[in-house]
Amino acid sequence: MAANDPLSIGILVIMYFGDVVFAVSGALTAARYRMDVLGFVLIGTITGIGGGTIRDLLLGRPVWWTQDPTELILCVAAALITFFVSPGENNRRRGMVWADALGLAAFAVVGCHIALAFGAPFVVAVFMGMITATGGGLLRDVITNTQPMILCGQLYATTALVGSLTYATLAYLAVPGLMAETAAFLAAFSLRAAAIVFDIRMGPPGEFLRIGASKDSTSE
Amino acid sequence: MAANDPLSIGILVIMYFGDVVFAVSGALTAARYRMDVLGFVLIGTITGIGGGTIRDLLLGRPVWWTQDPTELILCVAAALITFFVSPGENNRRRGMVWADALGLAAFAVVGCHIALAFGAPFVVAVFMGMITATGGGLLRDVITNTQPMILCGQLYATTALVGSLTYATLAYLAVPGLMAETAAFLAAFSLRAAAIVFDIRMGPPGEFLRIGASKDSTSE
Amino acid sequence: MAANDPLSIGILVIMYFGDVVFAVSGALTAARYRMDVLGFVLIGTITGIGGGTIRDLLLGRPVWWTQDPTELILCVAAALITFFVSPGENNRRRGMVWADALGLAAFAVVGCHIALAFGAPFVVAVFMGMITATGGGLLRDVITNTQPMILCGQLYATTALVGSLTYATLAYLAVPGLMAETAAFLAAFSLRAAAIVFDIRMGPPGEFLRIGASKDSTSE
C-alpha cells in the first residue's frame, strides 16, 4: 500500500457519515441532560471531531478542521437539526446503535490510515486508529460527567482496535488500499454487529468474555 | 483590519484583567471543594489560561505562556492571594459574576483576533473565540467533577459566541481594529449583563429561551 | 549543567520504572471499577505516559512515544499483566504507594530536565516537571470520574513541585547533571516518604498544613 494515497471515495463518504452519526449521538446525550442549543452543538461537535483532533495533536499533525472547517460545519448542522427536530429517543435508538457501529468502523480505518501516512510506527498507528474511533465519545462522556462508555464492558473500543489492527497489518503486507480498507472496515463492523446482536461483553479479571445478558449489567 | 496588528492597549489590559478574574474564579471553586493551596493554584491557573491553551493547541500555535510566563505567574499569584485572603464568598459573589462577564467578553475578542491573525478560516476563528472564553471554565469543571457550567442553560457560552462572531464579522468588513474590538466586546458584555440582570436562560428542546427564574432551575 | 546532556542511565532506569509503576496504578484503578481488559490497558497507559504527553503538547515538542513506542508498549504490557495476574489489592497496596513515590520523584526530575533542555523559561520548566509527574494520574482520575487525588490534600503534587524546583535551581546554578538529578530526586522522594510515614496533609484556607490523621479525612 502507498500510505500517501488519498482515502478512497467510499471511505470518505463513510467518514462524513461517521461525523454526522457521532454528532447526532453527542446531541442525543445533550438531550438526556436537557442542555440548551449550544450544549447540543458543543457536545455534538466534540463527539464528531474529537477523536480525530486528539489523534492529530498527538501525532503533531495540523488539526485538519482548523484549516478546512467542512466537517466542523457538518457536525454543527447535525447537532442543530437534532435540537430542533428533537427525535423521539426510543424510536431512533435502534438506528443510532447501528449507525454508530458504521462510524466506529470507518473512523478506526481512517485514523489508522492517516497515522501510517504520517509515518507513525505500526503500534502507534494501531493505537491512533482506536483513538480516532473512540476519542470523541470519550470526550463526550468526560465532559458530561458520565462513566465513559468505552470502559464499561461493551465490546466497543475492542472492535475499533480490531479494525485498526487489521488495516495496519494489511497495509504492512502491501495489500492494495481499497481492499485493505474494505477488509478492515468489515472486520470491525461485523465484530461490533455480533456484539450488538449476541450481547457480547467483556468483563473484569476472571471474566474475560461473556455472551448474553446477565443480571448485573451496570453498563450504559 | 490588518489581522496582524497587535491588540490595542485597552484589550491587553482587559486580557490581564481576565486572567486574574478567571484565576480567582477557579480558586473560589477550589475553596468550595476545600482544596489545599496547590489545588487553589492549579485550578486557578487552569481556569485562567486553559481556554487560550486549548486554542493554541488546536491552531498549532506555540502555547504562548510556555515562552513568556507572565500570565502564568499572574494566575498563580491571583490564586495564592485568594487562598490566603480567603474572602467571604457571599460578599464577593456579586462582584465575581460581573468581573467574570468582563473577562468572558475580553477573551472572546482576543481569542478570535489571535485565530484570524494566525490565518484561521472565518468559522474556525469564531469557534476559537468561544473556546478561548469558555475553555478554562470547562477544564475547571471537568477536573473538579462538576457538570460544566457552560452547558447548563446559563446564557454564557452564547455571549462568548456573540462577541466572537461580531468581531470576526467586523474584521471581515475591514472595520478598524479598535472599533471592531470595542463593538464586539460591548456586544458580548451587554448580552451577558442582560442575562444576569433579567435571568435569561436557554432551555432544552421545546424551550429555546426563557426569561426570569422558574422553579426547576437545576443549573449552577 | 549542559541541559542537552542526555539523562543519566540511573534516571532512565527509574523513568522506565515510573512508567510501569504508574501503568500498574492505573490498571488497579480500572480494577476498582471492574473494567474489562481494554479498560485496564487504556487507563494504565494513560496514567503511565499521560503526564509526559501533556508536557510535550504544551511545549510544542513531538510527543515522544508516537515516534518511539517503547514506553507505550511497556505500559500496555504492565497493564495486561495486572489484568491477568489480578493481584490481591490489599497485599500490594503498601508496595504500590512506595513505588508510586519513586515514580513521582523520577518523573518530576525528568520532566523538568526535558523542559529546560527544550529552552523553556525557569518558571515554565518547574511547572512542566510537576505536570509530568502528576498529569497521568490527573487524566486517570478525570476519565474514571473520580475527584482528582492531586487536589485532595495529600502532600503529593507538592512533592513533585519540590523535586522540579530543586532540579531547576541546581541546573540554574550549574551543578553537574548527575548530582542535580540525584539531589532533586532525593528531595522529592524523601518529602513524599515523610508525608506517607507521618501522614502530612495540606488543608483548605486556615489550615495550611496538618500532621497526623484527623477524623474528617475524606481524601483517597
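So that you can tell them apart, the chains are marked A, B and C in the order they are listed, and the count of residues begins at 1 in each.
We adopt the following convention: a residue touches a chain if its C-beta (ideal position, glycine included) is under 8 Å from a C-beta of that chain, and two chains touch if they have at least 3 such contacts.
In UniProt terms, the chains line up like this: A, B, C = Trimeric intracellular cation channel family protein.
The model shown is predicted, which means the values in this text are computed figures rather than measured ones.
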{"item": "Contact graph of the chains (line, ring, star, complete, other)", "value": "complete"}
{"item": "Superposition rotation for chain A onto chain B, Cα-based, multiple of 5°", "value": "120"}
{"item": "Chain B-chain C separation of Cα centroids, rounded to whole Å", "value": "30"}
{"item": "For chain C, residues contacting two or more additional chains", "value": "57, 142, 145"}
{"item": "Chain B contact footprint on chain C (complex, rising order)", "value": "57-60, 120-121, 123-124, 127, 138, 142, 145-148, 150-153, 157-158, 161, 201-206, 208"}
{"item": "Of chain C, residues touching chain A in the complex", "value": "30-31, 33-39, 42-43, 53, 57, 62-63, 65-69, 72-73, 83-84, 86, 142-145"}
